[in-house]
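Presented below is the structure to which this report refers.
Order of writing sets the chain letters: A, B and C. Residues in each chain are counted from 1.
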Amino acid sequence: MADSRFFPNQGPFSLAQLSALAPVEIWCAGQMLVGKDLESAMEQMVYDVAPLDRAEEKHISFIDNPKYQDLFSHSKAGFCFTRSKLIEKAPPNTLLLVTADPYRHYALTAQKFYPHKVAHASISPHAIIDSSAKIGANCTIEAGVVIGAHVEIGDNCIISANAVIADGVSIGHHTHIGANASISHSIIGSNVIIHRGVNIGQDGFGFAMGRAGHVKVPQLGRVVIEDDVEIGAGTCIDRGSGPDTLIGQGSKIDNLVQIGHNVHIGKSCVITAQVGIAGSTRLGDSVVLGGQAGLSGHIKIASGAKVAAKSGVIADIPAGASYGGYPAVPIIDWHRQSVVLAKLTKRKPNPTEAS
Amino acid sequence: MADSRFFPNQGPFSLAQLSALAPVEIWCAGQMLVGKDLESAMEQMVYDVAPLDRAEEKHISFIDNPKYQDLFSHSKAGFCFTRSKLIEKAPPNTLLLVTADPYRHYALTAQKFYPHKVAHASISPHAIIDSSAKIGANCTIEAGVVIGAHVEIGDNCIISANAVIADGVSIGHHTHIGANASISHSIIGSNVIIHRGVNIGQDGFGFAMGRAGHVKVPQLGRVVIEDDVEIGAGTCIDRGSGPDTLIGQGSKIDNLVQIGHNVHIGKSCVITAQVGIAGSTRLGDSVVLGGQAGLSGHIKIASGAKVAAKSGVIADIPAGASYGGYPAVPIIDWHRQSVVLAKLTKRKPNPTEAS
Amino acid sequence: MADSRFFPNQGPFSLAQLSALAPVEIWCAGQMLVGKDLESAMEQMVYDVAPLDRAEEKHISFIDNPKYQDLFSHSKAGFCFTRSKLIEKAPPNTLLLVTADPYRHYALTAQKFYPHKVAHASISPHAIIDSSAKIGANCTIEAGVVIGAHVEIGDNCIISANAVIADGVSIGHHTHIGANASISHSIIGSNVIIHRGVNIGQDGFGFAMGRAGHVKVPQLGRVVIEDDVEIGAGTCIDRGSGPDTLIGQGSKIDNLVQIGHNVHIGKSCVITAQVGIAGSTRLGDSVVLGGQAGLSGHIKIASGAKVAAKSGVIADIPAGASYGGYPAVPIIDWHRQSVVLAKLTKRKPNPTEAS
């Protein structure tokens, strides 16, 4: 279904190959397949991934949310990841891959058909690479890339066109740096994806303010990005002022996010677009920040906390709490504020909402 | 008046040439010119555009808003676009171009004097263009541009320095891609202006979240940009997850805007700076979004709706409605909320507003 | 302490050299040193800068805020900037540099040890420079830089990799343009730092709106950036529509800020990350804008005014006033609004703040 100009399909794959991505039971027509039935099912070939409503006989789909069970029952998909409790809703001829986490397994399957850009071990003659830089095996370095002195890049990395990697930066394996990205003063891990137009390692906003003018305070820290991190297009991450700025393993950052100096982000955090985090603030693990939220400097957001979109957080948030509003409060209080305000202003009926 | 280093004046033009841009009547001293008077007026030469207060005898200006009628009455402009109802306020010797839309006609005139960057049909030897790419007639491709495999670019396009056009991207005619822009997985129309530093086509923020880590879901859609669209500097537009992300004909997007995957924007929308639109949200035609507004995912903003700056929209908005606040409500309710809050907090007089 | 891969230490320096940066008295063990004691102290060598808690015998540190006086009393720093009133809290063997502004003097000292990137007077053979451009003495121009026709660059400037300086732009002395920055239609002063990924001089968001489509109004002004300005990564500054956009001397702008056409920013302003300023708004001198604040167009923020983070300013603010909220009001009123709202919604106790 995907436009082959952009997405070369690596398939087909046998059901056996796809089943190997994660433990599943194979069911059909209400029966779990075993023996010969299972063997012959495993030999069937799958040609593409597709959503329930567009999948055809040779395609594999998924259902995770029961609210789509009608779509599921009428799907033409030849193969489908599902939860055991939805087996009875399946179309009669669909081969079911039954798992506790259908969406996750579908994602892994889609990655197999359409892997993220693969390194071709080609270094463009139009890349400018300092002679002291060390480039690992099987890297792709595109035209216009500029790599500075003593840069170290691991194996199977991709540096896209016109990206700039400044002196001394170190990058792990299987990491992708997007086009026109600019990186300095950073230690970057493996399996990291840094999207196009990202700016990492510039010095933070540090001045000794004064009537005689604002004196720049040298920013002597770095940016440390752990493995499996993804950083969205146009996002900016300032280096530390003395300590480092840290992005923890597995955290995902969306586009146009601002991260100030000395910020520490824990593991597996999710930071959506246009969030701003001021200097020296610390996030625990698995923190989720909604779009356009803003966090003051020098505060702590404990692990598992959630912040609603557009909230303004000016104080610490305890573990697992959900906050919203500005100044941010527990989310139920924020919702109550909205309700109270609405009541206060609804005494007279409001004839029209157009103006 | 414009700095000729940056803005070469393409004039002078005769009044006849400028009148040809749109239907107008020519008036002077309260009379509509006809016959010989009109002919001789049409032969007069106009040398530049200028605002009312800076215009001189050889310049053409405009008045659209009656609140500037004093400025108009005292203007030295030799030529001026105006509405018929303002004719009586005109200086005695000014030649009036009477039209129903003076500002629009002034804009077209200013474009004639100072056209947007024109293609010179020069392809820099320092551009790196894949041999399989097809470049149309009369294109300008500046130094440092990187154009990938099977890219198709129409006629009279300009690709500015260090822009990156990735494999398979298709671009129409008379389109301008700004410096350091990065574009992939996109189908772009004609007469489109994409400003510098724009990022289009990166994969959206799609993950199967889980304790075992967030698994990336391949994003298999594209970005489709229709004709006459303008996209501001630093703006990011993610490609679709399976369906496409769509920017409708004639829509204008300002700087540093974030547009998530699968978003559909209708025709002639106006989206001001730093707006964020989350995934799968749909705008009708002629929707106007104020600066820093944020829209949740999977909602519908119907045609003609207006959203105030900084609003947070979490639910559908009906056609033609004006909304504001967070959560966004009909704008008169939002204004009432502000008034009520102000009253609640104004019981004691507030001696000073400095602190 | 800084990672020498990224931060080459220019020291050591004698205490005499560091004292020369600003007038100080030298004290030790409660005595101001004079004569021979002073002379021998001045000969001592200082090897690095460090915060109080990490400084060692050969390092120089500072204390400005009395709340850190315990850290000060136990510091191993051999040298320390301090205020006279904190002399009594000093460790017995530390040489004190007593000044009215310890942080400012520490910043100047840190700059001496770790100067901002220094020009090496090397012009990369991989930079593409128009033959009509004038480049001053001792400039560094890195690979992939594209410099257009009639550009003028002063002495001791650094243009980092893949930056684009378009036709006619003029730049003063000791100015640094970051990697992948893109600049056009601009007059830039001396001692300016423009960070990576910045977009300056693109045409602003100016259209004659209409049912027949939005007609682009040519933007015929420039961007004028005075001396000693710093502009953060990813920030966008549109050129004027006819008048110029102006950034006043010594103003500091953080990352991902949007500045519309015709905006005038006074001297020594501080504009933090993700702020948006709409067209034709004017700031006086020493205005401070908190992160993610938004300012409407055509308003005036007088000198010394402060705006809280995330505020929405839709009207003028008087000199020296502090405003907050949306619509922004005097900050004490805004705080009272928060308190009143909290009361209104706290009638029932709130058992848990997690949800």
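Note that in this section contacts are C-beta pairs under 8 Å (C-beta built on N, C-alpha and C of every residue); 3 or more make two chains touch, one makes a residue touch a chain.
Predicted model, so just to flag it, every value in this text is computed and none were measured.
Enquirer: Through what angle, to the nearest 5 degrees, does subunit A rotate to match subunit C on its C-alpha atoms?
Expert: Fitting subunit A to subunit C on C-alpha atoms yields 120 degrees.
Enquirer: Same or different: do the copies subunit A and subunit B touch each other through matching residue numbers, with over half of them shared?
Expert: Homomeric contact, different residues on each side for the most part.
Enquirer: Could you put a whole-Å number on the gap between the CA centroids of subunit A and subunit B?
Expert: Distance between chain centres: 31 Å.
Enquirer: Among all residues of subunit C, which ones touch two or more of the remaining chains?
Expert: 144, 162, 180, 197, 234, 256, 274, 292, 341, in rising order.
Enquirer: Name, in rising order, each residue of subunit A that touches subunit C in their complex.
Expert: Residue list for subunit A touching subunit C: 128, 144, 146, 150, 162, 164, 166-168, 180-182, 184-185, 197, 199, 202, 205, 207-210, 212-218, 220-222, 234, 236, 238, 242, 256, 258, 260, 274, 276, 278, 292, 294, 296, 312, 318, 320-323, 326-327, 329-333, 336-337, 340-341.
Enquirer: Under the definition above, what is the set of subunit A residues touching subunit B in their complex?
Expert: Those in contact with subunit B are residues 1-3, 5-7, 49-51, 101, 103-104, 106-108, 110-111, 113-116, 124, 126, 142-144, 160-162, 178-180, 193, 195-197, 228, 230, 232-234, 250, 252, 254-256, 268, 270, 272-274, 291-292, 309-310, 338, 341-342, 344-346, 350, 352-355.
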